[in-house]
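Shared between the two complexes below is chain A, which pairs with chain B and chain C, respectively.
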Partner chain A sequence: MQNNPFKGIISLFTSAIGRIFVSIIVPLITFLVLWQGFIFLRDTEANQFLVVLVAIVWGVGGVMLLYYVTNWLIEKLPKEWVNRLQPFIFVGPALAILAWFLAIPTFRTLILSFQDQTSRVFVGFDNYIFALTDRIMLEAFRNNLLWMIFGTFFSVSLGLIIAVMADRSRFENVYKTIIFMPMAISFVGAGVIWKFIYTYRGEGAGIAEIGLLNAIVIALGGTSQPWLQQPPWNNFFLIVIMVWLQTGYTMVILSSAIKGIPAELLEAARVDGSNELRIFFNIIIPTIKGTLITVSTTILIFSLKLFDIVRVMTGGNYGTNVIANEFYLQRFTYGNAGRASAIAIILLIAVVPVMIYNLRQFRERKAF
Partner chain B sequence: MASVTYDHVWKRFGDFTALNELNIAIEDKEFLVLVGPSGCGKTTALRCLAGLEEVSDGKVMIGNTVVNDVPPKDRDIAMVFQSYALYPHMTVYDNMAFGLKLRKTPKEEIKRRVEEAAEILGIEALLKRKPRELSGGQRQRVAVGRAIVREPKVFLFDEPLSNLDAKLRVQTRAQISKLHQNLQTTFIYVTHDQTEAMTMATRIAVMNKGLLQQLDTPQMLYDYPANLFVAGFIGSPAMNFFSAKLRKDGNNLMVDTGAFAVKVPEVKVSTYMHLVDKEVIFGIRPEDVHNPLFVPSDVSAAEIPAKVDFTELMGNEIYIYLIAGEHNFVGRVDPRTRFHMGDEVKLAINMDNFHIFDPSADRENPPAVR
Partner chain C sequence: MSKKTKSFKNQKKVSSIIVNGVLTFICLIWIIPTLGVLVTSFRYSENIFRSGWWTVFPHRGYVETREINIDPDTDVNGPITIDGVTHTFEEWREGITMPDGDRYTWYGNKRTLLVKVEERKWVGFETDLTLDNYKDTLTGKEISFTDGMGNTIVRKGNDLGGAFLNSIAVSIPATIIPIMIAAFAAYGFAWLNFPGRKFFFTIVVALLVVPLQIALVPILQDYTKLNLNGTYLAIWMAHTGFGLPLAIYLMFNYISTIPRELLESAFIDGASPFTIFTKLILPLSVPALASFAIFQFLWVWNDYLVALVFLSDKTRVVTSALAAIVGEKGQDWHLLTSGAFISMILPLIVFLALQRYFVRGMMAGSVKG
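Here is the complex of A and B:
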């Protein structure tokens, strides 16, 4: 072979052409397969079962094929290019989807927030001025602050207390299961349940109260109250619902952190002269600090974004409005895309510092 | 400074008896080592004293006070844990100061004591560090320091050296012994390592299966083990055991292992007369097995035949693993010995230093007969 340079050139030539040819044909076929699958799924009137089957095979197989072919393509390149490009084949699709579903909408919302309700005319900061000065919005800000302070405080502290107490009980699993159960209920479902508790029928002949809380109040000799219509207390009645839902979550996370504390550490503190209260504050809390912060910030973000409970229970009336609900009203009830977008951007900006803090915590703990 | 007393102490976990009527009187300023295999109850005994476990029955006393119902924080004891149990979020200084702060010791006093302890242990430079920035040996010293600054009545150590490497262990062993001399306080030390027990203790309590086997000074324990368990546990390599029969041969009393028979010295004959024609266990320590060429002059030796299985050269001595009939045994002989694998050789055993155990007296742990 080596003796015949002519043959070598031919083989080099054909192989080069072959490579280029294959490099074009294979992705083309892949694209065709994926495209045809899409067409088939879109237009077919075949039997449902078949469609599902094809969708699964096409979906999973298509993704595999796509990764495989692009990877194969990249590996045809010179080595240094392979090293440079290969990671992006695998991260690329995820980044693309993130961009498509997160980054672009965020950017669009930002633009919308500077436009009027028809999304045609730029109005500068008008929407932001509205969002930061309107009476209803200020009320929503105040209420969100209440949610963040009291909702987070009670969810986390109750979760922590229950986790510590349950840790010393023989019936730990029973308690924890009961406390954790509301976690399985959606916020809307919880709203329905708690509506029964807070129900108020009003006064008048022949009207009987059916709400649980009013039943208790009446049984104790009081008069029935319209719980959800009395600002500012109704906010707290709503916050109770979130605490009921989220305590299970904080408890489970904190409980696992507490169980991770070595028994010898607590024993050392006991021998050193601590009583149980001191151990709680001087040993347990500092040791689980990282988890405590993560849980708190998670609940904090929950309270900041809170929507469902208010929507279901009061619709934001009687002084219980929150930012997310006002956003919903502006966008879908009043049809003002500009104001709604401005509110959404403000909410986003409010969440960002908490997120950054949270991420930094994660990074620190990895270094630990 | 205080004495410690275990008075008929029982500890049960459900059906399991961890401490079976433990009686130990530990004197003030003593260095008592509790030693035994894992699960023997030694750590439980320590934890009962610390107040981390409640005793099921009996009394635990520190000084003249019964402490059964005293919480750990009021017992005035300090404990060094196997894992050191340093508070991870506190600096070394705060770790050591923690117990004093809880007792509302004045700030200057805390500072003085912590710095003093740090100097004794050579950890002055580490006071501002967090435990995770320390090596295993440094952590261990901080844990000891945390105990020292408290100036407690009793120091408890729960296998404090088991997480250190061999060289550091030997160093730290010496440091702890020195510490005991300097502090003049009662030390109670739990370990499964008989070397630690032998080197540090003023007295050793050997435990097995929740039962105290023997309580004595290291030398007495080594020379006069109370039973087969203690004999096998103390000493390394362990004592050789041969199942044997005592038989009368004219005026002589012979120990007959089947593979060889040796004559009991006349001064000891009367001690063992009651065991004649009975199954016994004959024990001889490896250092009492000599090469006949290098037998010290003061030893009354008896020669026995054996086959060399293999040898281990230690430099200053040689371990010879031997086979005699159905028995395997070890000899620690003079390094000039030239025995080779497979050689049929003669060994000289020191008949001044043998042990006879009577298996019929106690199935589990036959006591030694002196």
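Here is the complex of A and C:
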């Protein structure tokens, strides 16, 4: 045993030089393995099932490995340094990603918004003048306003009505699941669903309308219409889609707020002879006011950023353009990064009040 | 007394009927659009154009029962009399309802001399259904079908099968990675002390409502420089970046409420923060992790904008593939409807199976824009 040839190697690895050697070689191997994975995924023509599997393992495993190896490295340092650096293993990656993907881009977009479409020449406020005065943008602002007012109003009030009514029914969960279900459907999928409802084939011998809305209109004695091509009403036909998608959200949140109202409060009002309508307006609404505001704000911001529905249904034509779609068109169709950035900054400014409100709430909570 | 309770009971019964009636009506409105698409996705394309999808259900309608051959000596340019009723050729072609309720329609042009007779009767369920639409949408190979005009169309399929796999490759890591990073960060914020702790968390809160449009232009520049466009890694990182503020916020709310005593003994035993995190915090946080996972999964799977910007044709996901069918072939309803269903099926299963967790996550996250 004394002459075990491995002993020399083991002692080499436990020596200081060996430790440094290992500390370099392990991250290096980790990096090489991850890099090879990346190259494979980028260039491979292998069977797609295999690629998907490798992608998932590589992506998820890679992140775990990175955390593990960095921590392992740091724990090799003197105790004092471990205490100083270890918190940053935990928050560092998150902060780096937030900085790269949200915080710094905000400033970069701000700079871009003062430059021309090639992002080389500064043009002052030209892009903002476009964004705030151009006919197309004004139309987009008007439509976003319609979305924000009517979309929010109908989603929230329908959600509230359904929540209050479902609270009194034995089949509450069935109703709620059905109303809630569209939340799982993508806007593109919802776009197809509703495009089929609105579809129009026109008049002619032997042509049957296959869209439900036109079939109903004809059955009631009217004539079929190309619903999505008639401004300004087509905006409302698009807003219906959002209401269909979002009512489930408002309903669920409001429903839990309603369930939080003390039963004695409602019972007392009923004993006093208040009818249900008065209970609704004088007790339920004031009690859940905070939740109502939160839900409405969420839907408001949502309608401000709305993109997919308009993109899929009309592409912003026929007077249905919205801000987020114009952003996309400017950047990716017309290749004008400057104008697109100015539009993005306007979207950001629009949500600043909510941001301030959130920060104030956070400070009051004294979570720290 | 008993009379009063009885009337109260009656009143309750009436209001319960009204409530259930109204709710059933609303639920029908909610479910019919999806039902229409589901039914249509199983019909042959020529049938889709011939009649509305609702005709697959039993209904009273006109059914062709026989044909009448017109005497070749008839003057087709003047008024034509068939079975005692006289109309012009154009009127016959539009279709005439006879006194006995049958409908006579001239078929084709003037020389065909053929009239089809339809009787109004009960029609049962349409049984002429098919799975071919799903096959045609899923494949990337050549497909053929009959369009609304009766022409046979041959073209390349939309390869939604491939897009579905891409969606999985995008969604699963883009769900797990942000949760992992957020859980680490939330633990750091809640239980470790480091300079700038409060400042950094304030930034996280501020970033909650920032619209992602603000980041698209600069990030695209970076990806072009790094040659990352169109790779899975690019979209995972983008979704991680955009999902992180909410994820950190939710995970912090949960992890910071874990009772101190639970961790204290581990600290005293000299366990490192890393061990405490993996052995104690993660198992304790499973409910919060699950809630956010469902949230993020549905968000990533259903996302269109981020995928449109960062993915290439080779890696495109179901939403982009479906939107492409809408753009190129807006009237091919057999492909659109089956495509829509393929894109919906997985999120619907996840949603219905894990609805409870989803609701919990939504409640906690209702501060986000």
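The working rule: the second predicted complex is superposed on the first by the 254 of 368 C-alpha atoms of A that agree within 3 Å, B and C clash if a C-alpha of one lies under 4 Å from a C-alpha of the other, contacts with A are read in each partner's own complex, and residues count from 1 in each chain.
The working rule: a residue touches a chain if its C-beta (ideal position, glycine included) is under 8 Å from a C-beta of that chain, and two chains touch if they have at least 3 such contacts.
Keep in mind that what you see is a predicted model, and the values were worked out from it rather than measured.
Enquirer: Does the superposition put A:293 against chain B (first), chain C (second), both, or neither?
Expert: Once the two structures are laid over each other on A, A:293 reaches no partner at all.
Enquirer: Let me test your reading of the model: by the given contact rule, A:48 touches which partner, first (chain B), second (chain C), both or neither?
Expert: In the superposition, A:48 touches chain C alone.
Enquirer: Quick one: classify A:109 as touching chain B (first), chain C (second), both or neither.
Expert: After superposition on chain A, A:109 lies in contact with chain C alone.
Enquirer: Looking at A:187, would you say it contacts chain B, chain C, both, or neither? Reply first, second, both or neither.
Expert: In the superposed model, A:187 contacts chain C only, not chain B.
Enquirer: Pick one for A:358: touches chain B only (first), chain C only (second), both, or neither.
Expert: second
Enquirer: Look at the residues of chain A and decide whether chain B or chain C touches more of them.
Expert: Answer, by number of touched residues of chain A: C.
Enquirer: Per the contact definition in the header, classify A:33: touching chain B only (first), chain C only (second), both, or neither.
Expert: neither
Enquirer: Applying the document's definition of touch, where does A:66 land relative to chain B and chain C: first, second, both, or neither?
Expert: neither
Enquirer: A:212 contacts which: chain B (first), chain C (second), both, neither?
Expert: second
Enquirer: Both chain B and chain C contact which residues of chain A?
Expert: Residues 368 of chain A touch both chain B and chain C.
Enquirer: What does chain B use to touch chain A in their complex?
Expert: Against chain A, chain B makes touches at 50-52, 71-73, 75, 77-79, 81-83, 85-90, 98-99, 102-103, 132, 146, 150, 156.
Enquirer: Okay, in this complex, where on chain A does chain C touch?
Expert: Going through chain A, the ones touching chain C are 38, 41-42, 48-49, 51-52, 55-56, 59-60, 63-64, 67, 71, 75, 84, 86-91, 93-95, 97-98, 100-106, 108-109, 112, 119, 158, 162, 165-166, 168-169, 171, 174-175, 177-189, 191-197, 199, 201, 205, 208-212, 215, 244, 249, 252-253, 256, 276, 291, 294-295, 297-298, 301-302, 304-305, 307-308, 311-312, 315, 324, 327-328, 331-332, 337, 340-341, 343-345, 347-348, 351, 354-355, 358-359, 361-362, 367-368.
Enquirer: So in the complex, which bits of chain C are touching chain A?
Expert: By the definition above, chain C touches chain A via 15-16, 19-20, 22-24, 26-27, 30-34, 36-37, 40, 48-54, 93-94, 148, 162, 165-166, 168-169, 172-173, 176-177, 180-182, 184-185, 187-189, 192-194, 197-198, 200-211, 213-219, 221-222, 231-233, 236-238, 240-242, 244-245, 248, 252, 256, 272-274, 277, 298, 301-305, 308-309, 318-319, 322-323, 326-327, 330-331, 333, 336-337, 339-340, 343-344, 347-348, 350-352, 355, 358-359, 362-363, 366-369.
Enquirer: Which residues of chain A touch chain B in their complex?
Expert: 262, 264-265, 267-275, 278, 282-283, 286-287, 289, 368
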